[in-house]
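Dropping a structure here in structure tokens format, bear with me for questions.
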């Protein structure tokens, strides 16, 4: 409310109380001012009331909320349902323009600000979680895989003759599909086993580049976050190779922001070699609903090129979710969440199993299932359903030797990230609270850490 | 947002768009400014977004929403549940102080403004609906009956020796109880039948005053809104009598605001005679949830006296509901609702019944049930349940000759508002859309108007 | 959703997933079933989703939400504003009937259930917080003071000749006013100083009863929760006196539920003597918005009599707030909140002051302000505003010797609860987190505990 | 609530009221049952309470809302912010699986149902708005342009050798970009002027196919909805050509669902020739926030192929919006909206201008600006800003002869859809309420229709 309104209020209510109220308003405004000025994730969490105040202010600036507006175009932010309008805080215009998903919209100053601020805050988070020299990023309302596809499609305009993408194997369907969807042929590099860990086969990478010709590769497509026993790719070495052979380098960092190790790898890779863009999932890193990603990089022009490649305006919903989340957490809250993940090695031993030693994988753990070794695959699979009925979701029992065909390509030992035998494993996320379920032949009992 | 924030926004988004947003914000602020300046119900409806903007601004001014506030008292507006905080727009302090339910609270400038503005807007509505000379009113979070009780308790301090309340009979339990709860003895005046209408027996009123002594009456307690065949009391004549005998006069105008006739009667009564206070229900007149009333009058001091009689702070919930409703309707919207009530006399005749001729009753209609005359009371009652199962709620089938005892007092012909025979009647509200159900011996068929 | 809908779902989505969803729904239903079956506050907190599921289910049962309903009465739960409907979860009918605020409404099965369950859950909380033998209670949407007034008005019908209420002094306006509003004359008993504590003067109580005659007293009106240095009344002794002289006994337990000591006093009083009703504030005990109270007692018939005294239906808003709050806290959460209040005696000494030794007051603390002793009252008052600007709200600086007139009655030493000198004191609530502000002549510095 | 809960309720509240409540619940369930059974947009609108009841039921079935769930995977639907959870009705899992955006998710029966039902309801709407023989469709959370890109990328796998897309010119950036993003070379066919209308140059189309070779074309990319004076492409003839030459045919029907003419063209095209997929925007056709599209077609396998091309799970937000909107409108409400668009030819003539005669364009109108003909382009442009400040948004003033370069391709007469002179035009949507602004040299005055 403006000063005139406050003056009028003083006629109704004691002016000292009103002045206190005015001060209180300024405290909220001060937070908003800092956010706009610095473009950074605030150190301390915002209260829900500040967040909603801010979003309401943004919505007021969009033309669909102008009092007395008479829209006769086809892009007016009309909404038929009040339920829908409210759940989007009346921010209806989406983000971007047909020319550029990061551009400002004439009719939607509020939505445009939302878009700019979100990208700026997310950039700040990328920096303080470890990729200090990242120069540009934007939120895109597409899955990580589709976002990778968009990166590949952008590169095509730079390397029209390229046919292949060089890809150290990672057993996750959508990142494999991201290359096929973009119309390229993945050149799969099988990993090598070092101790318990599956790591990038650098020799094979270099051999393939030479075999097929650097100019025929669109890019190298590497991965940080993955399930044990696979560990993050040797990003530094790959980045150096890319620089040497002048091949672009796209990194799938899907859920790597949670791990300072993954972020450090990217930072180092870019420092010593070449990384063109790295892509991360919103839901996995920010605990928001599924459906958004961040495309980031070290060369502002290239990132701009990608954002201009998206044809049309896009949903603001993922941007809104991530902004609300970061404001209500604050940088400190976000860092605290990252710090809470704990180890649980002792637990496994108590039950005659062992955690695979995968120190390079900061995100997931794998445990042997030796005591089930003698049983049939069916028995191992049953284990999964036993967990399921006990409401333990997300743990994955991986039987040995499974073959799977993804879009025509056959992977042996799928989910083991390797084509050779490893034994059954039990795979789960390093997470804050954990209960290990002890597997005996016919039952599952509980052991909580 | 203040001008500094807008300037910062111009660095992120084209300044012409931001300036448009700023203008849009001013349009909302202009509405709020007018509301505070004039203290009147706005002519035109407000959008939901303006209403919520305004409520959020009020909430920000309350100390429980101060950022960094450290409350160590017992009146801090603490809220344990987020669901609860949100549904009250974080306005937690209620209204009033222990000294006066209409007073301003030091810790709650926003809630205090809400209270003041609501009372001011409601006063405006009382005026434009017909009681032009009303000088003061306040919303109280109590039922109409309990609000009448509060008026009586206030009068007691002015007339400590009084024992009786003179009350022209109206068959509605809570207004009868309002007198007993306050500790007084109702002197019931039976109505007289004029044509189809039951009207105030003025001779009997005057006779009783003389018989028991004017000084022994706390007040006359008259009624406007009622169910046909009773019609509103002869307010003008009663007001003149009250002035003549120096007896206070409290009017139960429960759902009378919907009727220009009821409001006119009060205006006229106050002009030619004496009316000390008149009480109306919030839910029935403003379509809000049950539980609030407006106490209004022509002498500011007396109304102030009543508001000071309430011991403690009170719920702001009914005030909030009525304010939201009036802002989202606007004065024009409210007047339009009043104008929409229609007649339906023709329908009854089509079925061999007749609407009782009660021109003085602007609110409800009664229809004869002659074709059921020969049937037993049980059959008549059955009619009610037939309507019920057809989801027609609110229509009342009144069998003849029912006796009911309310708090020890026996009323003959209860719900007929008279102690003598009238025949079965069918009673319902004059309402916008109506379907008359035709009653035959064993079935109910439909005839819509 | 019913089983037929689940079957249909299985045609669209794998039946094993649907069956899991069905099980999940049953988990929510199981909580609701237990609530209805036992009528107790659940041990564990409910998630917001279970709470909202439950409230939506209740709303569906109210006639205003019947699909295709055609209301023609005046009590139809019509709502003009969608904002209003939503914030009340579409529960519009309020609670009670004109005959009884605790009664069931024909058109509102859901609202009626809400009312019944809330009263039942609150009764359970009264029991587990210490008044184990309480037999009946109800939530009323009125301030504590007005609720006390309702108790007094009910007693009047039992003791029509009584004029006085015997009241050990407590310096809180609305509880003094509650007696005047009901039309009675308070007989004020000054407290006696024992050590630092101000306690009930039992001899004077008995003397007054004999002087004015037991039959002329409507009741004794005692108090548990109060600000130091006053401590809770000697309830046991007062209850015994009431039993002996056959005088009703109403206890003002405004914010006493937070203290096992206050609750214990009531339990003991009722066991050894007579307590007719005890009244507590909703906001202070349950952290909900201002405006509700609980009237409770040991004789179901008397509590029923009070609930029947309220003329009309009443707002459901306070009941809704308290139910939501108790379900989202659970009994364990509520008990945990009670346990969190801590002492802070050491802090005061560090600054040359002392906490008054008031072991019988479990709710508030008083600290001497000796170092300010030599200063003028103005200086002391300034202290209050210094705290205020530092956003410390709720702490009360009480200068010595203030006189205040409440409704015509003059209290010397108001807020000190005593008519004689005590020195300036600094009064605040025993609360979880606390910062002591050190008062020097010209500044306030901080010392956090 | 299940029957057991209803039985328990009957112990608290009269069983007849509870039974009515149970019936009321069944009325809501009946609507849900029908929806699941028929998979169609309900004829009549649903109340907001039914919609929310349904969404809450779906949410309960998702594993992130299971009471007591312990998630240890990376796909657990964790949400950090309550604001975010609530605005998505706690439906967090998004839609689809990495293998297929239309697939069912194991952990999210509710979200999966939402996805299935939305696609099914949208299919029904496509049918009743005119494309009766459409066999399959799905909602995708991407802009129309990006959705077209996805179609092209899918076709690439079928026609690996194709380089060109044949595209009758339409001056809208994102649909031009959709081809470039997919990596293809648009072959632009300039339109021919017939009367006032710009129509497809079929001869040129056929000539180009022969010139470049049918096998080198990925597809024909035609357009229905467009701004006057361009009119929808001659779909029937194009479809016949595509069938004849065995070239796939993708139709950009961005905002064509609003027009029975556009829908009819698609239906006819598919009947007599070949249409592989047609794409429409969610926001423009359903009045929901920006960011979603529907991809539909006549061959279930091809549509399935496209849905499998999306790599990863996707945002459910657009699906949720469109489902809420269609349920709250009902088929009748949606049809009514379509019927409300009106003509306004008379108005133009009153001011010495004329509406261009574009009977084949059912969506937008163009008006001559002859009276401005003599003025400079600057003056014409000024007109736009004059409208803007009068809050008329969406009307487009198109000066003659503008050149624009989109992604390297230069369009002469951009926004006129033609490379030759047409005069200034004023372009706007056929919409319900309209005010024509009369343009004089220095001012704009108002003339409302």
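Per-chain numbering from 1; labels A, B, C and D assigned in written order.
As a working rule, contacts are C-beta pairs under 8 Å (C-beta built on N, C-alpha and C of every residue); 3 or more make two chains touch, one makes a residue touch a chain.
Given the structure is predicted, the values throughout are model-derived calculations rather than measurements.
K.L.:
Is the contact between subunit B and subunit C built from the same residue numbers on each copy (over half shared) or from different ones (under half shared)?
P.N.:
same
K.L.:
Need the most distant chain from subunit C, centre defined as the mean of C-alpha atoms.
P.N.:
Chain centre farthest from subunit C's centre: D.
K.L.:
Quick one: report the Å distance separating subunit C from subunit D, using the average Cα coordinate of each chain.
P.N.:
Chain centroid spacing, subunit C to subunit D, equals 56 Å.
K.L.:
Just give me the whole-number Å value for how far the CA centre of subunit A lies from that of subunit C.
P.N.:
One centre to the other, that is 48 Å.
K.L.:
Return the distance between the CA-based centres of subunit B and subunit C, expressed in whole Å.
P.N.:
So the centroids are 28 Å from each other.
K.L.:
Can you list every residue of subunit B that touches 2 or more other chains, as numbers and ranges?
P.N.:
48, 52, 63, 66, 68, 82
K.L.:
Contact residues on subunit B for subunit A in the complex?
P.N.:
It is residues 1-2, 4-5, 8-9, 11-14, 17-18, 20-22, 24-29, 31-33, 36-37, 47-50, 52-53, 56-57, 59-63, 65-68, 82, 90, 104-106, 108-110, 112-113, 116-117 of subunit B that touch subunit A.
K.L.:
Report the residues of subunit B in contact with subunit C in the complex, numbered from low to high.
P.N.:
Residues 48, 51-52, 63, 66, 68-84, 87-89, 91-95, 98-99, 107, 141-146, 148-150, 153, 156-157, 172-175, 177-178, 180-183, 255, 283-284, 286-292, 309-318, 321, 324-325, 328-329, 337, 363-364, 391-396, 406, 428-429, 431, 433-435 of subunit B touch subunit C in their complex.
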